[in-house]
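Letters A, B, C, D and E name the chains as they come in the text, with residue numbers starting at 1 for each one.
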Amino acid sequence: MIDALPEATVDRPVNRQAMRVSSEVAVQISAMNKWYGSFHVLRDINMTVNRGERIVICGPSGSGKSTLIRCINRLEEHQSGQIIVDGTELTSDLKNIDKVRSEVGMVFQHFNLFPHLTILENCTLAPINVRQIPKKEAEETAMHFLEKVKIPEQALKYPGQLSGGQQQRVAIARALCMRPRIMLFDEPTSALDPEMIKEVLDTMIQLAEEGMTMLCVTHEMGFARQVANRVIFMDQGQVVEQNEPEEFFLDPRSERTKLFLSQILGH
Amino acid sequence: MTTIPDTPKPVFRPSMLIYDTRYRSLTIQVVVLFLVMAGAAWLIDNAINNLRALGKDFNYGFLGVRAGYDINQRLIAYDSNSTHGRAMLVGLLNTLLLAVMSCALATVIGVIAGVLRLSGNWVVARLMTVYVEAFRNIPTLLWILVFGAIMSESMPAPSAFRGDDPAASMILFDSIAITNRGVYAPEPLFDRSLGNIDLGLFLVSIDLIAIVAVIVAGLLGHRWLIRNADAIQNATGKRPVTWWKSLLVLFLPLIVLLWALGFHFGYPELAGFNFVGGIHMRNSLIAMWLALSIYTGAFIAEIVRAGIMAVSRGQTEAAYALGLRPNITMNKVILPQALRVIIPPMISQYLNITKNTSLALAVGYMDLRSTLGGITLNQTGRELEAMLLMMLIYLIISLLISAAMNVYNSRVRLKER
Amino acid sequence: ATLDDVRARGELSCGVSTGLAGFSAPDANGVWQGFDVAICRAVAAAVLNDPMAVTFVPTTGQTRFTALSSGEIDLLARNTTWTFSRDVDLRFTFTGVNYYDGQGFMVSRDLGVSSARELDGATICIQTGTTTELNLADYFRSNNMNYEPVPVETNAEGQQQYLAGACDAYTTDVSGLASTRATFADPDSHVILPEVISKEPLGPLVRHGDDEWSDIVMWTLFALVAAEEYGVTSQNIDELARGTDNPEINRLLGLEGELGPMFRLDNEWAQRAIAAGGNYGEIFAANIGEATPIGLARGLNAQWTQGGLLYAMPFR
Amino acid sequence: MSDTHAETVPFVRDTMLDPEPPPVAERGAVRWLRANLFSSWLNAILTALSLYVVAWLAVHVGPWFLNSVWRAGSLAECRQILDGTPGACFAVITDRWRQLLYGFYPQAFYWRPNLALILMFVALAPLLFPRVPRQLLWFSVAYPAVAYWLLWGGSIWFPIMVLAGFGVGYGVWVATRGVNAIIGSTATFLAPILWWMIVAGPLAAWLHSVVPLGIPAARSDRFGGFMLSIVIGVSGISLSLPLGIILALGRKSDMFLVKTLCVGFIEFIRGVPLITLLFTASLLLNYFLPPGTSFDIILRVIIMVTLFASAYIAEVIRGGLAALPRGQYEAADALGLDYWKAQRLIIMPQALKISIPGIVNTFIGLFKDTTLVVFIGLLDPLGLTNAIRADTNWNGIYWELFIFVGLLFFIFCFGMSRYSQHLERRLKTDHR
Amino acid sequence: MIDALPEATVDRPVNRQAMRVSSEVAVQISAMNKWYGSFHVLRDINMTVNRGERIVICGPSGSGKSTLIRCINRLEEHQSGQIIVDGTELTSDLKNIDKVRSEVGMVFQHFNLFPHLTILENCTLAPINVRQIPKKEAEETAMHFLEKVKIPEQALKYPGQLSGGQQQRVAIARALCMRPRIMLFDEPTSALDPEMIKEVLDTMIQLAEEGMTMLCVTHEMGFARQVANRVIFMDQGQVVEQNEPEEFFLDPRSERTKLFLSQILGH
């Protein structure tokens, strides 16, 4: 159907072997529905994510991808069905919500760094105030992750002084500092200039190689092919198709998926 | 739409009142409600106890009692035998008169100063800057006092108009006298007056109603002319000349009516201590009017300047590049955009003017606060009742003004993606 | 009780006007001076043994009664007219009269007016929030005359308006007129018209219901008046305090009898009150008398023995 | 293709032209005059008119200023010295400037308000300039107590005990936060209140009797003049900040009741004139307090002014909150910060920074409005002009006093407004 | 000198034959000088534009390109020399200025649409008020041109509701509604996102094909090569080089031009 697979994002070979999937369940969503007012955005979502899985979610604009991701750490409330993250069910109980949020890291399209704090303070804020880790220790952790995303030297600058790609990497480091067991990404590269996209994808791939459970809304199909275990295609608030990347790209089953892929890969 | 049954509700535990988002806000609201009620109850209980200890009660009966004092400026009939309630009404009308006059003049001054401040004329722009800064940085009350002093110090007393070789004389063909007690101007009189109708609370002159009706009709006619001209322009492209028709529609009926009523001016004349006859605009009114208008004008000037600057230069250039003349550019491109920015803050300035009229006693203008909140309060010793009533009245005026603003805002908001 | 409060505080809190020449005004050092002020100091001297232990609370016509009834001040000495409704309805107790006044008019001499009856149609400046505006309205109404009131907030403003010619006449208590006129650049070109259109007995007042305290203030005032009657002055008081033949004076100065302790003061209370600023006559002369710029004659405020109305009740 | 544009000749410039001076009409004073003063008929007329106004003022008011008398004991003396020529009698300022500035505050203690004013700038520094060391923030926190002590004097223990209340609250919070959120927050709320109401007073008195440290007290009836304006204005603004923040948050809240209450309060305060609130302070407040309580009129005015300012501050801060992108809230949520932590660490620092110019403007407005206290008999600068005129020496003088008072207000407010404009510009550039 | 010609902007072949140049003069500028204060921004400009010519002006930033364009419809005043547009000399005579402005359409970098008017009103404002065309007719014309720029369906929306590319096309349509004989473009695409540039260039090419006289400040060299008769290179307020596009790009004569081209095409 599609002539060519999306191109690889990173030049070096990705170590897919390292990415192990356990059979433990990390996120379990069943029969979940969500409305905005009377608009039914998410319809009967069922989904299980195992620990170590890397899932890419794609679909046309407005199909509810962001909403789904945001339901997982309760930035949005669902109205029916169940979401169980790491064994904790998300109900209106604040304790559960707090617990889930500190287990789940999130990276936004527009980074949402705190502009009045330095990079280091951005990274240590939550560990100190939520996890109650001593400042010293939190800073060490932060530097560790900043090194990992390759910008330790920027630690004392303010977000406004960094390029978009650097900011997004800081955002990833900030989320990692809480030592989350699951990471959510909502179009982490779509606000970036082309040169910067690669930096961020590199970081994400590295994370994937280390076995992090990841749910990632993205249209970077190269990335999907390289690291995802599964690609989920959504439309009109429903999961329309899910499959392994190779098959998903080479042999999409549904008409919608075909149409979508031709648009995305075509131009 | 199908609703999927919710997951079974977990049993209720007390800790959920705080930890469960569903109950949490309810809990907080109940606590807040409780605190507020308790606070209010405490205050009211104190007030009741205190009033009892002082042997006072809370009632508005005093509004029906003879006031016993005189008010110089009264828009409705009033004398010292009238009630405190009526004195309050006189004061309220004086407040509203002052507020409306000041809003109008402040707008004119503010718009002129704002435009001049943007002008390329160096001297004028500087002068306007001095004006704006001086008035914005010195308290209103001081300006009111200064204007009061200027009015009473630098104008001639009525006695200066007396004698064979008077030190001062009336202007505009002996029709207007400017004195340190105010300005006396000719008043309109009608030979064949239609009389008054009694509205219970006050009298309204039928002449006035007739004149207003004719003016309104003239305006409607003018609007119709403009509409008609628009329609013709839309149809043919050519705009018919309408100004003389407009003038005719606006003024001819009025002139006829005035002639029919036997309109003539009653001129002020010096008799006894003062000028008599004519309209007397008292010093206190003039001082308050000028002080509030010029003071607020400085703020409005800044608003207007900001509004005009908010319309980017590109808009003018684009209009010019399309061949639009400066006046059309102003009317159809710049003003509609600038007004959206200007009007909301302008209305809050109107609100400020209304609130600042309460300083009128500083120059002896008898507004609501000088009557109800001043003499009446003082003579009857009803602080609580008078102050609450006064606050309520100001609050209603303010809420009406802000309601108007909200309506306007929601109507002109620019459409965005 | 107020007495205990004052003692506990160590200070008397006294309401005065925000500024009226001769009656109460702060001088360049911020020390309050004047006729009303002297009453406060006398009370403070009697009660606290220190004429300077007074907090002066400036009040406007509008705030004075609230300040007193709310307990912010212990004593209001702000040329307040004793009227029925203030005494009964507003629930205050007037403790005597320290100045018998009446409302009058001041006009410029070149106006050529010699009687208030000729003021028909005049513009008249008047302080708001006082009994004067009610009197004025009644006077003109009963004489079938018209006038144009120009309300002013303070005496200083009234004076300014009047001098600028914004009103033809200025009306207030005659004492006020005199004190105002005294400060003019050219006092002689203004006349105070002969008509006195109202009775204005001015006196200190206290809250209703604390008789002990009102007695203290009342008898301090009587002590000052009596002192003048008996010839006790701040000069000779030390000498007289050693003992005299006059039993009245002896009782007044606490040498005889136990008057002070009857209202829980000591016996020397009156001595101190008189020593603070002198007897009534001395206070009058120093603040508003003919030798001062205010230049008021004693008139009604002379001792009853001199044809005036001042009459101290017997100390016995 | 060359047939389609016969005209075009390839052109290459071999020598670059140097810039030339503009024609005369475009140069120097001529150009400046033409462009700035006489660019059109209307402009020329306006110029002439303005120059006329300036000249008229100079001719009519100038001599009065130039003939000023600066040394005299009374207005009469001034008149004598001037001998009929028009001239100002600024001697009244020479005589009474202290009163206009400090009211009746004892002269020997003038250093106290002066020092308090200087310290105020020190306390403000860490809030306004990011470069100032953070440690100074502690001083900012302690400043209200310091200023109170300097101005009113008395035992140093009293302000220390009041400050200690916050310490107690913090201690209780630290001790209980592990236990239970309800108990913790209630205890944190109640402990300092109990401390202030029961412990602080006696403890301060006892400490004072043991270690008497202190400076002579100054009674508040001695406060007046500009000092009074500044005390009321500054305490009004600084006390209204916390209240304003709470109101702004309440107004944004999605809890109906809380929101309604906040909106109602804000609209009520903004809808009535300040003067009615001042009258409430002076005439009514006592009705609403337990029988027998009576406290300082200045304190009562400060309370009302604080309520007044808090409504305006709330609106300013609401603007600041609205300027923050939603992402900031979401990021805070996603990191697991709870509401109050998110407000304290993320939202408020940014919102307040954006709001500083608005706060400064509110302050200027409030400072100017402190003159209204003259209506309830306080001796602010305008009230003092009345009191000074009640002195027989200076009866009848007013322009000089108005000019002096106006000038002081102008200097103060103009300085502030310039500063806030500067801040606005700085914030515009360094906000990302 | 330059290795490759700039790439074509439009995929379809451009009909250069249709673009006829007559020998009638549309704009004639001779010995024109302009100063801003004492700064000499335009120095001795001489230039003739024939009817139907399409001229691209390029040059480094600050070289006076915009100023030159803006002098042609008197948005800026020149101080010496002559500018004759369509036979009318631009002097301070208001009548002439009005005449020239209604003959010359201009498109700005930042669109400068009127945000308080609908798209249709934007397009009919000038025809109704300047040309005194009946409203109905003006609206028909406007719809015609809106169809031409391919956004007739947006006619009743407000500018704020359109994307940048759509707004710029509206700006072109608005200018065309006055039926100008000459169009000026001042960097019409430089404020747009890459996807949108193409839409706008398409519209401009279409215009060129219809024989409109165009002066266009742009750095879209692909566009210059495809449609321009002449490319003018300006530097420091003077015309440094002008030539046919082929020669201009392949064989620039002056050193400055070479430098400029290498910078522009190099990366």
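One rule holds in what follows: a residue touches a chain if its C-beta (ideal position, glycine included) is under 8 Å from a C-beta of that chain, and two chains touch if they have at least 3 such contacts.
If you want to know which protein each chain is, UniProt gives these names: A, E = Amino acid ABC transporter ATP-binding protein; B = Amino acid ABC transporter permease; D = ABC transporter permease subunit.
Fair warning: this is a prediction, and the values are worked out from it, not measured in the lab.
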Exercise. Can you name the chains that touch chain D as well as chain E?
Worked result: B
Seminar exercise, completed: Note: chains that touch chain A and chain E both are B, D
Seminar exercise, completed: Busiest interface, judged by C-beta pairs in contact, is B-D
Seminar exercise, completed: Farthest chain from chain E by C-alpha centroid distance is chain C
Problem set entry | Centre-most chain, if every chain is reduced to its averaged C-alpha atoms | D
Exercise. What whole-number Å value describes the gap between the mean CA coordinates of chain A and chain B?
Worked result: 58
For this session: Please compute the C-alpha centroid of chain B, do the same for chain E, then give the distance between them in whole Å.
Result: 51
For this session: Averaging only over C-alpha atoms, locate the centres of chain B and chain D and give their separation in whole Å.
Result: 28
Seminar exercise, completed: chain A and chain C have mean C-alpha positions lying a whole-number Å distance apart equal to 85
Seminar exercise, completed: Residues in chain C with touches to at least two other chains are numbered 62, 66, 157, 160
For this session: Mind pulling the residue numbers of chain B that touch at least two other chains?
Result: 18, 149, 361, 383
For this session: Could you check chain D for residues that touch two or more other chains and list them?
Result: 279, 283, 286, 375, 398
Seminar exercise, completed: So the complete set of touching chain pairs is A-B, A-D, B-C, B-D, B-E, C-D, D-E
Seminar exercise, completed: Per the touch rule, the chain E residues reaching chain B in their complex are 73, 75, 98, 101-102, 104-106, 108, 110, 112-116, 125-126, 128-137, 157-158, 160-162, 174-175, 178
Exercise. Considering the complex alone, what residue numbers of chain C touch chain D?
Worked result: 18-22, 24-28, 30, 55-60, 62-63, 66-67, 70-72, 154-157, 159-160, 163, 180, 182-185, 293-294
Problem set entry | chain E partner contacts - residues on chain D that touch it in the complex | 1-2, 4-8, 10-13, 16-17, 19-23, 26-27, 31
Problem set entry | Complex contact set, residues of chain C against chain B | 61-62, 65-66, 69, 85, 89-91, 110-111, 119-123, 128-129, 133-134, 136-138, 141, 147-153, 157, 160-161, 164-168
For this session: Mind listing the chain B positions that touch chain C in their complex?
Result: 54-55, 68-72, 79-81, 149, 151-153, 157-159, 180-181, 271-274, 276, 283-284, 361-362, 364, 366, 370, 374-375, 377-379, 381, 383
